[in-house]
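Pasting a structure here, questions to come.
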Amino acid sequence: MTDEHATIRRRTEIIIFGTETGPGRTFDVLLILAILMSVGAVMLDSMASIHQVHGTLLRNLELIFTLLFTVEYVVRIWCVQNRLSYIFSFWGVIDFLSLLPTYLAILIPETAPLLIIRLLRVMRTFRVLRLFELMNEFNDLVGVLRSTSRSILVFFSLVFVIIVVFASALYVVEGPEHGFTSIPLSIYWAVVTITTVGYGDITPQTPLGKTFASMGMLIGYSILAVPTAIVTTKLWERMNRRNSQFLQWNCPVCAKTGHALDACFCKHCGAELDVPAEIRSANGSEESK
Amino acid sequence: MTDEHATIRRRTEIIIFGTETGPGRTFDVLLILAILMSVGAVMLDSMASIHQVHGTLLRNLELIFTLLFTVEYVVRIWCVQNRLSYIFSFWGVIDFLSLLPTYLAILIPETAPLLIIRLLRVMRTFRVLRLFELMNEFNDLVGVLRSTSRSILVFFSLVFVIIVVFASALYVVEGPEHGFTSIPLSIYWAVVTITTVGYGDITPQTPLGKTFASMGMLIGYSILAVPTAIVTTKLWERMNRRNSQFLQWNCPVCAKTGHALDACFCKHCGAELDVPAEIRSANGSEESK
Amino acid sequence: MTDEHATIRRRTEIIIFGTETGPGRTFDVLLILAILMSVGAVMLDSMASIHQVHGTLLRNLELIFTLLFTVEYVVRIWCVQNRLSYIFSFWGVIDFLSLLPTYLAILIPETAPLLIIRLLRVMRTFRVLRLFELMNEFNDLVGVLRSTSRSILVFFSLVFVIIVVFASALYVVEGPEHGFTSIPLSIYWAVVTITTVGYGDITPQTPLGKTFASMGMLIGYSILAVPTAIVTTKLWERMNRRNSQFLQWNCPVCAKTGHALDACFCKHCGAELDVPAEIRSANGSEESK
Amino acid sequence: MTDEHATIRRRTEIIIFGTETGPGRTFDVLLILAILMSVGAVMLDSMASIHQVHGTLLRNLELIFTLLFTVEYVVRIWCVQNRLSYIFSFWGVIDFLSLLPTYLAILIPETAPLLIIRLLRVMRTFRVLRLFELMNEFNDLVGVLRSTSRSILVFFSLVFVIIVVFASALYVVEGPEHGFTSIPLSIYWAVVTITTVGYGDITPQTPLGKTFASMGMLIGYSILAVPTAIVTTKLWERMNRRNSQFLQWNCPVCAKTGHALDACFCKHCGAELDVPAEIRSANGSEESK
């Protein structure tokens, strides 16, 4: 009995968490469809004209989706092997947070604004990446962003100082009568300008203000090169390391190096390389900072 | 008789589809001029002031161009060697779609809005690239875009989540009274902001909304680095591969490939590679896709 | 007498065209100051408030500067060795065009709008690059832009098709009642959007128009990666070729290659390399397309 | 006595200028908190609604912070080993300038606008980089920006000419009746457009103006590739040089340098290099600035 129970649990886990089997793929496709429909319902419900006509229908749909996702969440906890690790994992928290607001809004109507948190469900569609075998690309992207985060942080502190300097300059030059009513608002203007968004809701009016603003724009326009350079260099290093790492092992006969990672014989003299297993495995996975 | 017919057909094909011969180049130049004139006529006709004065002239011009292109289309089908493959090829469909709306609008006047499809003719001017021998560059560009499409897709799903998160935040913070009347509209605002377009038709009004928007702008400004890094790295790899690729020669003993350009012995089994001189020199200049 | 005349002419040429000698540098500094002052006078004169008060003063200043530049132009023609080659060179034409409008406006007052051409004088300040020994950087920049021009041209034809497609879509969806009064105006809107400038003078009003516009923005935002990738790759190649070109010459003793361009002895066995002069010079200047 | 004094002074220096010791880190954390609070107070005070209610409180807070920073400044001068070098260093001047305005405003009330200079304190938070060991990243960033400054300068002179050309064209085409009231204002418009900021406060109205503006946008959009390419290439070179530099060892015979890392013989005179093992291994990991 217990054994049978364990087998069912294991099978459920493979279907719900895995994508290798047929039922697993089917379950994931259905789940993503349900997520997209529930997100679509939340979006449609936010449009006044649709809310007036179909408000009750959308509300009921939402309740049904929430019940479905609750069942799914409970089954996930039941079938997963390490429960605590799932519940407190990033995806576990997202799964929980996208359920909570609906129940909260029923119990305490004052928490209705929190219903927006349901949109976090959209992050769950990242599972679709696994379906289309895009996880490698995703990990590459996240890995590069993580390895550049220190440099990007320093870049942002530089940008922050530039923003404060231009915001202060425009606040003094233009002043409240031209829309720069406070330094925080000037900082908002500076962010809009340096990032080249340029809403145009606040613009410099005086010749001096326009001169300073032009300088800020040219700086913002060209320092964009810095994060691009950082990310490109890191990505290139990452790609390069993967492709063209040489074997750290000299030929025992002619003592030359420069062999490919999968070489078995010296490409210079034809002698067998006879690489020790630990060298070979170290070369494959090694990642120097 | 049949033989003569085949010769004429073959010659017509060389003129219409080729650019190597004098008449072929002349035909292409004339065709591109006709396409540009017909596109120009469609554009001018869309301007109210010109339509009132020269409407009938432009309408007749359009009919003449359509007849010409119809003749060209029929001749293409007649002279091409593999008819079905041309008709259902990308360019064949474009050729057909840019003819259809004019006839449809004559038969069924209600389909007039479809006349805009005639502008697809502009894509036919890509033939001009072949004239100026820019096809290599075009293939390079398309090849790089295709090879990066998976990574770019993952990048877009990341951008999509960032957009939904900021759209939801601003919808809750600003609300309908400041122009954020629904979540889909907030998403439109978030796209306008994250891509640094910044129309300014919807802007945050509250201090908290401005703070969130500023964060969104800075994120949008810096994640632009990611697609640039991906495309640059791929293009660099592509250029590099062309220069420093592998030897196109299998080991005569173990039939494995992947040897360095200067290898004399198989790195897998140690046998002498014995590469013919013409292969070695070809490898230096050759270009694998 | 003629000999003395030739000496003076040669000395004048060194002063006016050269920057190596003291007087040559002094002349260039004075010339650039005069150019900047004359450009500044043209700009100030365009401001209504200053024109009313100092109009006559600025007009007289302009006449004096034009006379000075005319003298300079005549002296340049007199002292240069190959007159025709200077007059029809890029810089010679610029020198002439920045003089012409002032005389024209005096003779034929109707040509006053052409006075703006005087601003081409600003291009003459590029000589300042020679003064600060920035010509190498300038040539690098121009060389990279020239070597990428074919790829950039193809990129622009791709962007052009994208712009026409989105312009047509928005023209049909939004129509004249929302500001998209003609296809050429829609194309202007599409350029403003795809390049992420985003003035906001024409914006989509309907939900469908906003959806299409959002797609256009995301595409415009990400295809910016393409020209960056092209220019980066070309610049990298250029820099790389300059630094790490190896000598195309094998060691006569051990027949190994991979020597630095300035090597005299084999780095592997210590034998003298004995490189023929023509190989060495070919290696230094060679630049394969 | 003097000896004890010297010891205290040395210890104070280690606490105030260093981050290696516990008290040193505590002091830096407290200092940054005080800086952020004083900057926050200045910003809040600039908001009219807060100034009316809490104006006096914020003014007193500012006085307390200024006194604290004055004490800190005096102690820094007292304990530092080379006083003049600190006072006239970049950071010493920033420290002084962020104190001055408060005292000036008390003595001469007319200098109140200079109070904005206090915001330079925000630059002092760069010390936080030292705390989190981000100084390497900062030096990398500054080093790359410095090494590219010559090329970027040339790029900007190119951009400047493009801006003047488009500004002049639009000034002539649009004229004062469409908002292009003077050439300096047209230049402001051109900067807003070429950098893709696009406020929309001044926009072309005529078809010809819109055509020219579209060309300017496309050029601005694509020449952004140039600074990115320059910075990326330099950063890549910098990263690369760290990995694959030259041997730091002179030839013992001809004393020349520039040998490859794996060289055994001098490439200039053929003498054996005889590199000590510790130099060779150090070269592998070492990092030259």
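For reference, chains read A, B, C and D in written order, and residue numbers begin at 1 within each chain.
Please note the rule applied: a contact is a pair of C-beta atoms (placed from the backbone, for glycine too) under 8 Å apart; a residue touches a chain by one contact, two chains touch by 3 or more.
Heads up on the chains, UniProt names are A, B, C, D = Potassium channel protein.
If you're wondering where the values come from, they're calculated on a predicted model, not measured in any experiment.
Q: Look at the interfaces B-D and A-D and say which one is made up of more C-beta pairs in contact.
A: Per the contact counts, A-D leads.
Q: Chain A-chain B contact: same residues or different, taking over half shared as same?
A: Looking at both copies, the contact residues mostly diverge.
Q: Just give me the whole-number Å value for how far the CA centre of chain A lies from that of chain D.
A: 29
Q: I'd like the Å distance between the centres of chain B and chain D, where a centre is the mean of that chain's Cα atoms.
A: Roughly 41 Å, centre to centre.
Q: Residues of chain B that contact two or more other chains, please.
A: Within chain B, residues 155, 184, 187, 196-200, 224, 228, 230, 232, 236 contact more than one other chain.
Q: Looking at the complex, which residues from chain B come into contact with chain C?
A: The contact residues of chain B facing chain C are 42-43, 46-48, 113, 116, 119-120, 122-123, 125-126, 128-129, 134, 137-138, 140-141, 144-145, 152, 155-156, 159, 184-185, 187-188, 191-192, 194-201, 224, 227-228, 230-232, 234-236, 239.
Q: Enumerate the contact residues on chain A facing chain C in the complex.
A: Counting only chain A, the residues touching chain C are 196-200, 228, 232.
Q: Can you name the residues of chain D that touch chain C in the complex?
A: Of all residues in chain D, those touching chain C are 150-151, 153-155, 157-158, 160-161, 164-165, 168-169, 171-172, 176, 181-184, 187, 193, 196-200, 203, 207, 210-211, 213-214, 217-218, 220-222, 224-226, 228-230, 232-233, 236-237, 258-260, 262-272.
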